[in-house]
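Mind having a look at this structure? Questions to follow.
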Amino acid sequence: MIVLFTDFGLEGPYTGQVEAVLCAQAPGVRVIHLFSDLAPFDIQSAAYLLPAFVGRFPPGTVFLCVVDPGVGGNRPGVIARIAGHWFVGPNEGLFAPLTRRAVSVECWQLPDSDTASPSFHGRDVFAPVAARLARGLAPVGEAVDAAFLEQASWLDDLPRIVYIDRYGNAMTGLRASVVPPDAVLTINGHTLHAARTFADVGVGQAFWYENANGLVEFAVNRGRADAVLSLSVGDVISL
Amino acid sequence: MIVLFTDFGLEGPYTGQVEAVLCAQAPGVRVIHLFSDLAPFDIQSAAYLLPAFVGRFPPGTVFLCVVDPGVGGNRPGVIARIAGHWFVGPNEGLFAPLTRRAVSVECWQLPDSDTASPSFHGRDVFAPVAARLARGLAPVGEAVDAAFLEQASWLDDLPRIVYIDRYGNAMTGLRASVVPPDAVLTINGHTLHAARTFADVGVGQAFWYENANGLVEFAVNRGRADAVLSLSVGDVISL
Amino acid sequence: MIVLFTDFGLEGPYTGQVEAVLCAQAPGVRVIHLFSDLAPFDIQSAAYLLPAFVGRFPPGTVFLCVVDPGVGGNRPGVIARIAGHWFVGPNEGLFAPLTRRAVSVECWQLPDSDTASPSFHGRDVFAPVAARLARGLAPVGEAVDAAFLEQASWLDDLPRIVYIDRYGNAMTGLRASVVPPDAVLTINGHTLHAARTFADVGVGQAFWYENANGLVEFAVNRGRADAVLSLSVGDVISL
């Protein structure tokens, strides 16, 4: 299984072009669109989302992860192997929180490509590598120390909004496991208590809860938290 | 074949997470994204869309249908078998018009889950059941009378806008078969005559027609009916 | 492999209904969503995008291409075979630039359908033909001269914006190969120089470049060209 975690968009040609490469080079492998609408250029928000979503996928899953504002520059590409999963993408920090929390990490630096388009390494560099790994072949590139992975000087958890979904729910970069279950959280001047789920609060009421992927999330029962609380990606949470 | 009929969105993680479960538990079964952008929380609009779309799918198709404002509360999950198709989802009224028009309905109540996330039964409860049915296995849960299905006290047809598509065409909850072909329909103060299709009226002209799925739909030739007629989901039609 | 190139949208039912037909009539064939968000009714913009994207697909790929404002009227449907690829869709000009640049074109006129919905030939006429071709069967319809293909009196290249992607980058109908690499291009009063890629200009700077599919594209490093340059589909470029 190959899982796409990108800012390419589902509409427009980019995800389709990547999938066509995967389809040609790893026939019969299923492709899952996990996120295609990560905030463009925003590596940090994506980096704190990623670890929340990988645990449910079976061993051997290949994650093709691309938020790549530096495409065409001299940032290297990388393969990481963490807890039985493969990760492929540009080495710009996207794997930092995942790596920091891992027991062990294996890492390979991808060779430079002479033929890749300077603006679409997702299709020309990373997709062929993902297809290869999904077929069970060995990583390409040079094995390097895990310290090669870009280790941004970021916190263990990120007290910010990292994604707003189509319901208007706002995911944060905070694992619920590091926040006391009765914590009162403040965002944009709003003070919010915890609830188990939507049905446990009144219609229109805002709350925070541990979402289905283990992250702290702001929500409103049958309403839009982004509208009610004026939330945007990047907004800061105070505990 | 498993058909998704949800308000989960294609972008963001939810549909991908559901598809990953289907992929792992029903390998080789194709997944069709029929609707992923049903209006959040709006069970009634979705309920009148569903029957228009099921007839074209082959016997044995499993429809995973989730518009679930009550997730995590005590509403039960349900399996229905109607005219050779399977339907799985929360029992909150989504299957009411379908059931009312059916000759016979078989029904099973899903057992409560101890392990499901309280906010994502689509992934944790309904997808595993859909995968199981798609593999040809027997339904889980307790066989119950068809009267167990939530039978909202709704009309046979719904004279309201239930969905607006990307062209700005507005589908209604009215089957064209119950409206006289020369009916003049009024919506938001606009009086509209019928046409066979777009090419039969002048550019910019608004009309109603029987759409490709048998529903009354408002449209404008080479224009947006939602803009020209100021239409929103929920607006009421007068005959 | 069947490639969808349409204005149907991924959300809503249309692409799913088409894919269900392909899935039933060409089991095991992969379906790639290349473009689902072409500008509605805008055949010309789509026509100049198409040739930039076909070359990367393997021989035998079937392109299902539908931007069809004339659906239900008397425009015929068509199959074209160009450079080992199949193209299926309405004969309204979408294949004109592709055909003009081709060494040889084979062409078939599709028979009229008595059973197709007058508003959804994508599902009822073109998808079954695409499925048939993808299975390796012979074209249906009557072999006709290539001159039968609608040959709009359009330029070889179109100096207009034809698509704006989710990053705000604006693709044009100009092949980069026909523009001098040091050309200075003007659009909406903005004068822009060329760069190789994003990382080669300063943050916030606008430029034009040869995109990953060989077209001239306007972009801003870590910004939105559509916002910075006030661009819309249809805007004219001066060399």
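Here the chain labels run A, B and C in written order, and each chain numbers its own residues starting at 1.
Going forward, a residue touches a chain if its C-beta (ideal position, glycine included) is under 8 Å from a C-beta of that chain, and two chains touch if they have at least 3 such contacts.
Since this is a predicted model, take the numbers as computed values, not measurements.
K.L.:
Interface check for copies subunit A and subunit C. Shared numbers divided by all numbers used: above half gives same, below half gives different; which is it?
P.N.:
The interface of subunit A with subunit C is built from mostly unshared positions.
K.L.:
Fitting on CA atoms only, what is the rotation between the copies subunit B and subunit C? Please report it in degrees, nearest 5.
P.N.:
120
K.L.:
Starting from the mean Cα coordinates of subunit A and subunit C, work out the distance between those two points in Å.
P.N.:
31
K.L.:
Going by the touch rule set out above, which residues of subunit B reach two or more other chains?
P.N.:
Touching at least two other chains: 9-10, 37.
K.L.:
Which subunit C residues qualify as touching subunit B in the complex?
P.N.:
Checking each residue of subunit C against subunit B gives 7-17, 19-20, 23-24, 37, 40-41, 69-73, 117-120, 123-124.
K.L.:
For the complex, which residues does subunit B have touching subunit C?
P.N.:
Subunit B residues touching subunit C: 1, 3, 9-10, 30, 32-37, 53, 56-58, 163, 165-167, 196-200, 209, 211-213, 222.
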